[in-house]
Structure formats: C-alpha cells, structure tokens
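What follows is a single structure, written as structure tokens, with notes after it.
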Amino acid sequence: MLRLSPEGYYRFTQADRFEATYGGAEANVAVSLSNFGVDTAFVTKLPENLIGDAALNAVRKFGVDTRFIKRGGGRLGIYFLEKGASQRPSLVVYDRKSSAFSLSEDSDYNWDEIFNGAKWFHFTGITPALSDLTAGICLKAVRKAKEMGLTVSCDINYRKNLCSKEKAREVMTELSKYIDICIANEEDAADVFDIHADNSDIQSGVIDTNAYAQVASKLCKKYGFKMTAITLRSSISASDNNWAALISDGVNYEISKSYKIHIVDRVGGGDSFGAGLIYSLLNGRDMKEAVEFATAASCLKHSIEGDFNLVSIKEVNALMAGDGSGRVKR
Amino acid sequence: MLRLSPEGYYRFTQADRFEATYGGAEANVAVSLSNFGVDTAFVTKLPENLIGDAALNAVRKFGVDTRFIKRGGGRLGIYFLEKGASQRPSLVVYDRKSSAFSLSEDSDYNWDEIFNGAKWFHFTGITPALSDLTAGICLKAVRKAKEMGLTVSCDINYRKNLCSKEKAREVMTELSKYIDICIANEEDAADVFDIHADNSDIQSGVIDTNAYAQVASKLCKKYGFKMTAITLRSSISASDNNWAALISDGVNYEISKSYKIHIVDRVGGGDSFGAGLIYSLLNGRDMKEAVEFATAASCLKHSIEGDFNLVSIKEVNALMAGDGSGRVKR
Amino acid sequence: MLRLSPEGYYRFTQADRFEATYGGAEANVAVSLSNFGVDTAFVTKLPENLIGDAALNAVRKFGVDTRFIKRGGGRLGIYFLEKGASQRPSLVVYDRKSSAFSLSEDSDYNWDEIFNGAKWFHFTGITPALSDLTAGICLKAVRKAKEMGLTVSCDINYRKNLCSKEKAREVMTELSKYIDICIANEEDAADVFDIHADNSDIQSGVIDTNAYAQVASKLCKKYGFKMTAITLRSSISASDNNWAALISDGVNYEISKSYKIHIVDRVGGGDSFGAGLIYSLLNGRDMKEAVEFATAASCLKHSIEGDFNLVSIKEVNALMAGDGSGRVKR
Amino acid sequence: MLRLSPEGYYRFTQADRFEATYGGAEANVAVSLSNFGVDTAFVTKLPENLIGDAALNAVRKFGVDTRFIKRGGGRLGIYFLEKGASQRPSLVVYDRKSSAFSLSEDSDYNWDEIFNGAKWFHFTGITPALSDLTAGICLKAVRKAKEMGLTVSCDINYRKNLCSKEKAREVMTELSKYIDICIANEEDAADVFDIHADNSDIQSGVIDTNAYAQVASKLCKKYGFKMTAITLRSSISASDNNWAALISDGVNYEISKSYKIHIVDRVGGGDSFGAGLIYSLLNGRDMKEAVEFATAASCLKHSIEGDFNLVSIKEVNALMAGDGSGRVKR
Amino acid sequence: MLRLSPEGYYRFTQADRFEATYGGAEANVAVSLSNFGVDTAFVTKLPENLIGDAALNAVRKFGVDTRFIKRGGGRLGIYFLEKGASQRPSLVVYDRKSSAFSLSEDSDYNWDEIFNGAKWFHFTGITPALSDLTAGICLKAVRKAKEMGLTVSCDINYRKNLCSKEKAREVMTELSKYIDICIANEEDAADVFDIHADNSDIQSGVIDTNAYAQVASKLCKKYGFKMTAITLRSSISASDNNWAALISDGVNYEISKSYKIHIVDRVGGGDSFGAGLIYSLLNGRDMKEAVEFATAASCLKHSIEGDFNLVSIKEVNALMAGDGSGRVKR
Amino acid sequence: MLRLSPEGYYRFTQADRFEATYGGAEANVAVSLSNFGVDTAFVTKLPENLIGDAALNAVRKFGVDTRFIKRGGGRLGIYFLEKGASQRPSLVVYDRKSSAFSLSEDSDYNWDEIFNGAKWFHFTGITPALSDLTAGICLKAVRKAKEMGLTVSCDINYRKNLCSKEKAREVMTELSKYIDICIANEEDAADVFDIHADNSDIQSGVIDTNAYAQVASKLCKKYGFKMTAITLRSSISASDNNWAALISDGVNYEISKSYKIHIVDRVGGGDSFGAGLIYSLLNGRDMKEAVEFATAASCLKHSIEGDFNLVSIKEVNALMAGDGSGRVKR
C-alpha cells in the first residue's frame, strides 16, 4: 500500500505535501525479516503502472525477493495517516477498495514454486478480509504450506472496517486449522475469537497480564496453535505508550520486559513484533528469548518513521541486553 | 480530485513526498472564475471523511460557494502527476474509479435550487464519461439549465482512458443539443466529433490555424453551438509550448495572439481558458476580446503550480495589453 | 496577522525558511467556531495587496464568512514565533505597528449590517489595545451589539507590550459594562482588573483552584459579567503543560478535568478555549458541560500546528468522554 | 531587510512557507565586495531583537564588518517577493515603513570613525528616499566622505513607491554634487534626472546602445560625475533576460558584452553590477575592463538565489574570459 | 559514492541541507541496465557501516544484484555537486580519497564466480585511475572476462584530478587490449589516447562530426576495438545543451539524431549512454539502432534528478520514434 | 567538520536529504563564547575549496574571528549523525580521516601572533588524538600559551575510535602540565586518567555525586589543575536526559542544579558547558556561579538544533534565576 501522511503533526487539511512511503502488514514483516538477514520473499499483486513500480522498489530496496510479485489489473491500495500527538489520536483513512491485490485470483500465484525451499509462511488476517478472492487464496496457500512442511504464522490483525466480526470469525476459524503460530492483541482475541481478558480496560491503559496469559492459552487449546503471542499496548497518549508482550504454548507462558516508549511512529509496531518472533523461532530461540527479542524489536520500531522496522539484529540485541538509555553511539 | 505530484522533476519512484493539491476540470474553472470576482458555486460529491473535507476547503479558500457539494459514499478520486521536462513528457496516472462523484445519483443534486438565480452552467466531457450515473446527471442538469434560461458551456476534454470514442460521441451528441458554447482542442474535435483539421501535425507542433477555424465553424453548424473555441497548443517540449486559441460563431472567427511559454505547470491550462472565456462572455465582451482574454489567462496559468489558475483580472488585462516582458512589479 | 515561524525548533538566526500561517486572537476563535459548524463572520481590515488576499483566503478556507472584511490602507500585522522546547521558552517578536486593522476607522464597519441576524459578538482585549481608533470601534461595536440583543464575550488577553496596565484597565473597565461573558487567565485578572489569586505561583506551576474560583466570582460581581471563565495553565516546560479551566457565574463555579499535555503548538490555546465556550453556551450547555467542552477543545489545540484549532465537535466530544489515550483511529 | 519569498514559483496565497533571506541594495553591494576579498563595512541600523540579530549575522557570515551597525528602535524592513516565470512577472510587496534604519538619526553614525582609513563610500538612491532623516544622513555622509578623500558612488535605484519623481530629483540633485561614480538604468535617468534615451522601448526589450551612451555622457556633464554606468536589461520574459551595460566618462564610453540569461533570481542584479564596478575601479581597471567585469559579475548573480551575489573573482574572470558554456567544473 | 547536492540552484555556502543520493560511473550503468530489464550485478567494495548500507540499498532498490558487493575497510567516497544555471557552471568537489573501493584488494573479488553465466563486463576509466590496487584489479578482471568469453566495454571517462594524462595513457593502453567496445568523448580521446579531432572547439559548442568519426575510426584501428562510440555534447549554457553521439566500427560509422536539451541534471549523462549502448548491442541491434537508442536514453537522463537514469525501454523507444514533444501522457 | 544528519528521526537509509551544518568541539566553544559577547578566534585548517569556505562562513556568521584559519591541503572532516529517539540511540559515523586539520603542520600556526592580546586558550582532547602532527601542535600551543600568560582549559572529550586509551593517557598526561582548567565527564576520567567513580552506573543513569566530587578532586591534585569540572549526564532515553555538573578546586566543590531535559539535539552539550565555564571564569564568577551558569547554558543547548549553542547571556541568566517553565516570552 501507499501510505500518505502529512509532515510532522499537520492535519490533512493543513498539508500541501504528504510523505509517501509504502507498507502494509505482510510487507512490513518481510522487510523487517530481510533486515535481520533472513531470505524473504514477498507475495502480492501490484498494478502495472509507475506507482506499482515504486511500491515494488520500496521493498526490493531492503533485499526482499520480489520475483513472486504479480503485476496487473486494479489500483494500489492507499491509506492516509494523520499522526496524532498528546490527546489527539492518530487517524487512518483507508482507500484500498479495488486494489490489484484484493482483485487477484488463484491463478496469479503458483504456491508450489513460491514455497519451493521455503521454511515459513506468514500472513495476516487482513488478507482474507479483503475479498472472498483473497480469502480463497489464503486458504489455498496455507493448505499447500502445511503440505510442503512450512511453519505457518498468522497475525490476526482484525480491522472492523474491512469485514464484520462474524465474517472474520468464520474465515479465520477455517484458516486456523493450518496455523502454527498465532499473533494477536487483546482486541483481536475478543473480536475474532470471542475470547476475552476479564480484567483489562484498554482505554485506561491498565493491563492484567495474567488475564492475557489465559487468553493466549485458551487460543492455543481451542485452535491448536503451537504458540500464541499477545502484544500488550497501554496507550498513555498518542505520544507515549507502554509496550510488552507474552507468549504461551498453551501450558506455560513467558512475558517480556515492558518498555515506556516515546513514540515517533507507531504504525507497523505489531508487524515488527511478528517479524521478531518469526526470526527468533526460525533460529531456535526459546519462548522467553523469542518474546523478548520480538518485543525489543517492536519497541525500536516505534522510534522509526514509516511502516518498516529498519533495525538490525545487533540493535535489537543491544536493547534486549538492557541498553535502552539512548546514549549516543559513536 | 486529489493531485499527488513528486516535488520538482522527480520521478514517482524517487519521491518520498508528494505535493498534495486538489483540482479537476470543473473545480479549476470554478476557482478561476471566483478569482475573477464571479460568484461561483461548485457542484460535486465528496466522501464523508477528512480527505473530502480537505478537498472542500481547497476550493472554499478561493471563495467558491460549496453549499451544493454533496458528501457521502465512495472515495476521493486521485491522480498522480509526474512533471516532465525537456523531451521527457509529464505523466498522469489516474486513480479515480469508484470516486464519490462517479457514484453519485440523481437525487444528490437539486438543480432547481442550484440553478436558482444562476446565469451560466459549465461542465466538461469528463463528467459524463465517468459513469452512466454521471452521464444521466449531466443530461438532467443541462435540460434543467436550458429550461431555466442559463447559458450552457462545455469543454469536451476527451480522455481515452475514461471511455471509448464511440461512447463519448454518443453521449456528447445528445448533450450537445443543450450546449451553447463549446470548447475543444484539436484532438477532441477529431476523437469525439469526428471533425478533423486537415493540415495539422500535433506531434510536430505545426498548426494551421485556418484548418482549425474550419473545424470550429463546422462544429457550430453541425451541433448548433453559438460559439466554438479551439485551443491551439504546439508542444516544443515538456518545458516549452506555444499557446493560442481561436473562436468561431460558425460564420466569423477570431484568433488570439500566440504565446511562447516556458512551462511551470501546464495541467489545468485548458480549464483556465474555459474560465477566461466564460468570464468574458458573461461580461459582454466580443469574440475577439473573449478569445484574447481567455488565451492570456491560460497563458499565465502555465506559470502557476497546481491545477488552479490563481490570477486576477488585472493581471490578465496587463498581459493582454502587451506586457509579457516579465519585468519585476514593485 | 501573518505568523512567521522557523521550522521545528530552529532559532530565528538558523532559519532560512519560515512557516507562514495566518492567525490572531479573534480570527482563531472564528475559525474554530466555523469548524464546529457555527455560522461565523470575521470582521477586520486587511491591506489591499496580495499578502492581505492570502490572509483572507486563510480564514475563508475554513468556511468563515469574509464579507465584512474591509480592505485598505496599512500593512498586515506580523508576528515572529520561535518555538521553544524543554527549558527554552517560545519567543514572540511582534511586528504589528501600523497594521491596516489598527489604522481602521469607525466608518469601515457598518455594525447594523454586520450584526443583522447575529446572536453573539466576541472580541479580545488585544483589539482595544492596538490604538485609540480600535478602542473606539470596540466600544461602538459592543454598544450596538447590546442594543441589538447579542451576547457579548471578551477574552481579556492582556499584552504588556501593547499597552500599559493602567491604560488597559481604563479601557476594559468601560467596555466591561457591555460584556456578558468574560474569559481571562490568572495574569489578566491581576494585570487588568487588579484582582489577585492569593496562593498561586505561576512560574512554579502550582495552582490553587479555589483561589481562582474566588477571582472569577469577584470579577462577575464587580463588573456584572454573567459568567467568568479562567484558564489554568501550569507550565512544566516549553514541552509539557498542564491545562484546565473553571467557570463561575458569581455564585457557583465548575472546574474542568485537568490535562497533561505534550505540546505541539500552544499558541492559540486560549482562543480555542473561547471558541469552545461560545459554542457550548450558544448551544445551551450548562456551566459544567461548557467548561469541560472548552477545556477539551483547547487541550486538543495544543497538539495542532498553527494558531487555528482544527478539530471537530466529534473529536472534542470523544476527548470529553474520556478517550485521551491517543489510540489510532482506523 | 528581511526578504520573504514563497518557494519555487508559488504565489503568495499558495505558500505555507516563505524562504527567509536578508538583503537590501547597500547590503548586497557590501556582501559582493566582501566576496571579492575587499574589506567592507556595512552601515545601517537594525532593531534590537532576534530578527535584527539574524539580519546582522546574515551579512557577517560573508565577512562584512558589522561594527558600525547601530541597534535600536523600529522594526526590520521586510519585502515579500513572489518569483515570476514566463509571462508572469515577479512581484514585490514592500513592507518597510517604520524600519529602524528609516527612523535612524544623525547621532547614530559617527562618520569620522566609520570613514577612518576607508577609500570608498557607496550608497543608493533608496536610502535618501526612505525618510527626511535618512536623506539628511546621506548628505552628511557624502560631505564627510568627500572631505576625507573617499570616492563616492551611488546607484540611483529609483523606486516610485518610495517617493515622487520630483522629490527624488530634488534630493538627488543635491547629493549629486558629491558623487563621483553614478550607476543608473534607463528608467532612473529618465525618472530622476529627466534625461531620456530617444530610441528605446523598455517593454519591447529593444535597446539602442548609442542612445544610452548619450544619456550617460549627459549625466556626467550635467552633474559632474567622473563616470556614469548604465545597465541595459532587455526583458524577454520573467524567465529570460538579456543583460549588458555601458560606462561613460562624458567623453568616451565602453559597452560590455551582452549575455542571454536564463534567470534563477534577478533581484540584486543591479547591486551586483555596482559591486563589480567598485571592485574594478578600486583596483585600477580601465573603463572597458570595469564594465566587462561588472557585467559578468551581475550576469552570474542572475543564476544565484537570494539578494547576495555569491561569486568569486575567479568565477567572474572565467566568464569574462569567455567561458559561459556552463560545462561542469570537476 | 554518496552525492551531496544543495537543493535547487543554491550554492554550497547557502545550503543548510544537501540532497543525498548515491551514484558513480559503473553504478549508474548498472542501474540503468536493470531498469531496461537486464540482469545486472554491481561489483564494488563499500564500508561496513550504515552509510555503506544506504549506498547498497540505493542500487538494490532498482533490482541490481548486490551479492558481489564486498564490505569492509575505508570510507564511502563522496562528491559534492553544486548545480549550475545559465552562465554559472555546475561544480563538483570530489572527496573520495581512501574510499573502501579504492583500497580494495585482489582477494576481495572472485571473478570466476562473478563472471559465471555473465555475458558482458563493463567498467570505466575511473576505476583504474583510483589507485594502483584498482588498476590491478581491473586488469585481472578484463583478462578473466576475455578468457570466459564476455564482451568487455569501457567508458574512458578521464578525470584529470584523479591521475595524470601520462599515467592514464599507460594504464588504459594495457587495458585496451581486452576491450571490445570503447566509449569516449572528445576530451577522452585527446587526453588519454592523444587522438584529436581537428575542427572542434569545445568551449564554443561547435562540433564537426566528420572529425569525430575519424577519431572513432582511428581508435578502433589503433587499439583493436570492435566499436568506438563518441558522445558529442555542445554546451550552450549550464541550462541548455545539445547532445548527440556517433559510433564507428573502424570502417563505417553512424551518427545519431541531435537533441536540444533543457537540463534538469546532467551528471550521469555519459553513463546512461553507455547503458543504452550495452543494452542495444546485447540485444543484437545494429550500429545505427544502438547509437540512436543510447543517445535517446541519455537525452532523457538529462531530465532526471540524480546520477541514475530511471527510464524504461518503452520511454526510450518513444523518444527514438520521434515523440520528443513532451505532451502529457495520460 | 561538516555534520550530515537525516531530517527528524529518519535513519540514514531512509534519508534523501541530509541537514548540513558545521561544528566540532572547539568550533562549538568558540561560537558559544562569541554569542556571549566574548571576542573569540577559532584556529584550525580548512581545505581550499567551496566546502571549506562554507565551514568558515558558518562560524564567521556568529562573529568568531576567522583570521587565523589556515586554508590548504586535505579534506573537510565529516560526521554523519542519525538522531535517536526513545530507546533507539543516536548514532555517529565519523569520516574525518585525512582532514586538512589533521594533516596540518607546525608552520601553519603562528602562536605568537595568535595569542597576542589573548587571555584564554581552549582546546579539547580530540585535537591531539587526531594525529601525531596535531598532538605536536597542541603541545607547542599550550607551552606558548603558558609562556604568554594565557589561562589554558581543556575538555578531555575522549573518543575511543580516535585513539587507544593508552595513547590518550600518554598524550594527555604531557599536555596536562599546561592545563589550568580541566573539563571531563565520568568516562573521560576513567578512560584517560584511570580515575574512577566508585558508585556510578552510567547505563542505569544513577549517579553518585559525591563519588564524582572525589574524582574531580583527585584530578586536580594529581595533575595540578586549578579546577576540574565534571558533567553529569544520566540518560533516561535518547529523548530524555538529566543533566548537571560539578566543579572542584581540589579542596572544595560545588554542584549545580539538575535539569530534566527533553532533548532536541544533544550533540555539543559538553562543548556548550565548556563555553559557559570559560565565560564565567573569564568574568570572575566564583565556582558556584560558574558551574550553575555553565550547566544552565548547556541545558539550553539540548533544545537547540545543530552543534552550536545559540543562546545569549540573558537567556542563560533567566534559566539560572529559576525560569525553566518554558512560558511564552512575548
């Protein structure tokens, strides 16, 4: 997607220029993984025009393999982002109807070829929510992925403006059969899977981690996920958030350090967590290490402009090791 | 429409920010007329979101009456503009499918109310080409306009990526019954009305004005237009154009001075001509004066960034009076 | 006024470009009210040049009626704003001597016509402080306003660099006879009306709300105001402020929620409070609702660049309803 | 003066930022001379505020001695510049009333100290036109300069919005007694000294150099100037000018090469000519060399943003020597 | 290399920001070929820091294979570019001493692996001129290339500030034994190979194409090049150039169309010619087609910001086919 | 040095423009002192090119005497700065090898002339660390300074990437013989002088001021410094720091107020402390006043973009006097 954002804290109607970057849930994960040195391919469909070219170049720049990006009919999805501050929330205006990707068809993707040699397939709940076409493509992909022995992860990422809770539940329930690693936040669990944390008040920012550990555990048990990770954001204001996460295998759980974050750009925070988790699990880290790495990685994302998490393993490790003091590195 | 344009001469893939302005054929005419001091209302439909608000504010800023702008379903049409230079042409990537306006319905516009007290109705050929809905709305509007005694003008503005020549011809032929003043360029006449200038070679930039006077005359006669104006652009390069126009009432014609223009932004050049012509005819100027005013106004537009022609009557008059030397005014 | 401000946190001498916006106490109130959907006209005098045009367009953009803006002799007042951060305060360098408005004369404004159909007249203490001419115009306006049954509100807004305390007291005492709703901050009450809060230390940021309730009450009683609102800013640093307000009718008082604000741009904060108060009282809200709405509205202003408060009723209501967590709205 | 200019070719009303630079006729000459390695002091009065500091720093940056700049009452003069293109002229909106300099008094300048060790005093006709105060200061300065043996040069620089032709003539006639080197353009000669070139049509851009040689000669004879230089601009459009100059000692004259200039910024073009001329004459070059150097220097100025001519002697010499091909210097 | 360039036409001392792009002779050719759809790998050495990463990403963005880019000791070469206009030339200040590449050693590059499956090897005369190390690497590379059957092309690109003519001649003479396709301009032929065009005057812009055909022919014969291409630039000013080229196989020659170019950015013009030529010859086009394609491609480059030629085959073909009128493509 | 920094919080690879400012430890001190009204000369060597000119102009702008700046061989040192936020640290990539200054020789500086009339000589530990040449120059300078009766101050400023601790200790030990006033931070004391604070944990931000008073005292005693000042930074994050300092004469010590700083730009913070200290001691302030002034000055520096501390004595005094509330100054 093309992301269009007024500079600084301008409102849309004040802006006579928009910062133009490219992103989107799965693209963000792909770029972050590539920055961690993982061979990553991004699969999507982009329009056959110069704006589509620009989007492709934007992910290719970070080393993501773009061979499987189909080009053709439709437009590039857009979202407008107005960055909030203090009590004023950030606003997203979606404009992604009729995107080339949402109109893409089964025949656009040859999963045998795409998955050849791959170990992991990641998608988010946004993709099946875009259209029945993409829901079908997702189902085909996860079945083929399991068949070919890939690990499948999914970030639920429920967006109420894309489809109803009922529809999301129906679609995700079927897809969940093929999912190994589930990533969700507190709202996803409630909205899509109807599994609730009892003692949490999202608006107030108070989070009861035990309650969320239960939620994660229940998700593992009910849907057969090997692991479920839940990100825990408490929003003090548009400028300051606390950020942590936990992971459960249905039996045990691990909870990460919590970070007080002064926000530069929080869009893509969840995706950067997903990338950190996949990287960790791909490299055999245990639950504790994985959730710490993923949380530290996504903590850093909040200090970076744009959707993409442009940090290296070395930088994440430094933060995990306790260096969050922000002293100048010379 | 929202116009998104890389800064300066950057190509799309180089741009990490887009200049964001608002425009569109009829909006451009409205703003230009308002800058000439004419009471002008703009009729369209904009989405009910912050991007729609920004578009509305952009025309309201210049004094255009926005009371008749309907808000509701659909998106804001977008076009991406990459400014060319020298031998590299400017490129437009349209992204206006499913715009709120193209989805608007008859019931969105109360023409009795809109035309109450009005003297002139202007539209362009882009509007009926957007959808069958908007074609029907146009037809209803022009019929009502004639019924209520308004002068009707239309800038043909044929865009091949919006509809086929055949479709355009069919729709415009019906609408032409209600049109008093027709504005076209050499391609419009040929593509939509199948009336050709014999000795012109657009690519080479050689223009035979007599041939175009014949074209204008034929259009008046065949379709009953009171006047037909034809703009004459010879494109030396993306940086330099010659610009003139002629107007015919079917019997006589007048041709304007020709301007050698060093281009700042040529989008909206035709619309600014239309506004100049309407202003002149509304104020009782004769054909010679009208075509000179309109051509001088649109000459100045080429030196102004964005779609809108932000010049005053005084500035147009100064150029008409021969002061094109560009000496500093202190 | 034209506001010229270095980008970001640059000091004047570092800046090779200034952000150019337009504002001023009464203009800010007008724009904010227009954004709340209130029909609002702005009355002033602007120079008859392109800079005056730009200022006029800047308020017209937001739907403010500009019919009563007189054009003519003098210059556009300017203020230079250097944004502070942390311990470094924001600095304002005024350059508004000989502005067209300060030179305007009685005959420039036809109050019968201006007030025809109007319900409310708002001005600030800056206007009578500009010149004897404008003080006279103010007096004429408030008398006519009362005569024609308008509610009159005034934000005291004392600026020591515009006139002496003594002069301000003299002029405001006369004007106060016609004022229904008075808005002030702690310094205004002391400087202009010589009414003091006993236990407040502005520099330290400690505010005793009871003391201010007494001040407001005394103002109502002494000058016959129907209501007096007092804004309570405690400045932690140029980057962080606490913000609240109270309102009194001389008998009872209501105090708003207090907001911890991370500042984007605090200029116009008081004006946005005034607009929120006027909107509330115009719409029949009681003192408690009014002071909460006005404070929430002005809290949001601090997150918005420029003088104008560009927020909608919906956004203010959301904050009043408790959603200040700044979570992304999608 | 502070110069405020929309970026690129934006009109004032489109600009949400202004480029902020500093300049003014005499400052421009001082900076250019300093760039040529001449020890130069700039004498003026600036307000005692941060905007005044910024102006002072702007000339100090280029090595101009700022010791004699008086600080005190009044404001910094401002001019707004909208850059034209093609047929659209550049526009200047002056806002310099009540500038600290125009209010300065005799006692602000100690000419004995200022001229101590100096060889040359340069001023322009703008200074005496600002106020009777500055006219008096000029007269005092030129008398003292002559007394102390300095060469005095003056660029007539008539601005009709500053004073009437009659007033200018009166003041300049008195000052001319002390002027050695006079710089003028065709309009100055006519407006201020009532000496006309017979066969020139400024608007059309046709210039008869013989006629101007006569004008220069007459000026020398009538006012006793040792030399008079006349700059010859023919304005093809706001984007393209031809530029040349001639110099006469009343007997002989020399005319420079003519340059076809593609304009970046033409403000300060005349001042850069003055600086080139002073440099040449200070260094003993003859009339031919002087007029060629000055014209080449000012030709280069037209390619430089801002008022100041930021070129070195080496660069001017290269152009004089015939290298105007613009090939990349590596 | 990192290219640092003031915005627009600012001089270095005026700039408080530099546009930062990446480029360099061979990188430019690689990116242009990749934009033409050719599989291209770029071989160099970049420092092991974040600036090196940024440079690598800049070419990877356009699909260039970066696997063979060695990372390690040294810095990233920099060049500062000040864009000229009209009579003021563009200036380049090189700062590339001790670049990682210039310090690279034989062992950094495994040519067997790099050339495996490749058809063409291109380098420029800048590389062997950087250091004895890189001269040795070049020699090793061309020998291996010939051994493995690759076509070898070289753009002479002589830079007098890198090495003496004598040194260049010595090194290039040895390398020439392995070169199939030689690209040069008139100065290269003279400075490096001491082969002169008799009737050309570079400064004046007059070019005698016959003379250059002789030069090309002589180069083929003396050094055994299969083909020699010579680019013909006549520089009217920094803003306007004429541009053409010819190619000879020692017997016959073909000369391209000549283009009058209004310059946006001329750096990389020669490299884009090289890329066009390689593309053409790789795809079996004959000399006439090749020189026309390469000249049209490089003509377009002059309208594009930065070192890289960001045009597609389709765009070059359109210009070759005669469409240089710059009409808007919608 | 030229400092190149992506705008806002962009990472290097995201930036297509760099903010270009000039700075460096000693230059920063010189500019700050000049802003305090102290006559200051800066002694260095800059390359003889336009980038060197720009660097010279950058300090001259603030009134620093540049007569003793030598021009000649080598390049301008560069450092790339990526501004951190929250948990992401700021990063500096140095690129200063082979700078003109590091290559400068004894004969470039005539200390007799430079020190003629001077009272104070300040240098930092960076200078002798650059090269053996500059270490020798430093030694010569301090000896001459002592001989001519100047006070000598040194900010240790140890940079591990410039030289080893062992080398630094050796060089600084010799230089220390001539130093009157030593400025250090906790790391400098440990790394260079092997004097440690027992109970401090830099990463955690906990600082034991008593321990540092001991360190300062020991330094005075061991090396014979008249005074040693130690800056105490506790880094909460890249966005928030606490900042204080202490000074000891070996017997007594004074500790400043501590400031909670919201950071705009912390580079040059230490240098601004040095300038504040020198100013205070030059003007006869006692240890308490000096450390308070220096700390307040450097607190303000953290709110200012670029290396230079652009504040006046008046502003520092206001903060010292307790006004850190950041209220707008009108």
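As written, the chains take the letters A, B, C, D, E and F, and residue 1 is the first residue of each chain.
By definition in this document, a residue touches a chain if its C-beta (ideal position, glycine included) is under 8 Å from a C-beta of that chain, and two chains touch if they have at least 3 such contacts.
Because the structure is predicted, anything quoted here is derived from the model rather than measured.
Each of A-F and B-C has its own count of C-beta contacts, and the greater count is at A-F. Here the repeat of B-D among A-F, D-F or A-E is A-F, since over half of its contact pairs match by residue number. The angle needed to superpose chain D on chain F by their Cα atoms is 180 degrees, rounded to the nearest 5.
The centroid of the Cα atoms in chain C and the matching centroid in chain D are 44 Å apart. For this pair, chain C with chain E, the centres built from the Cα atoms lie 61 Å apart. Among the residues of chain B, those touching two or more other chains are numbered 8, 11, 13-14, 16, 57, 61, 91. The residues of chain A lying in touch with chain B in their complex are 4, 7, 11-13, 15-21, 49-51, 53-54, 57, 75-76, 78, 80, 82, 91, 93, 95, 97-98.
Of all the residues in chain C, the ones that touch chain B in their complex are 57-58, 60-63, 66. Chain contact summary for the complex, chain E toward chain D: residues 8-11, 13-14, 84-92, 94, 159-161, 202-205, 235-240, 266-267.
Of all residues in chain A, only 8, 61, 259-264, 299-300, 302-306, 310-311, 315, 319, 322-330 touch chain F in the complex they form.
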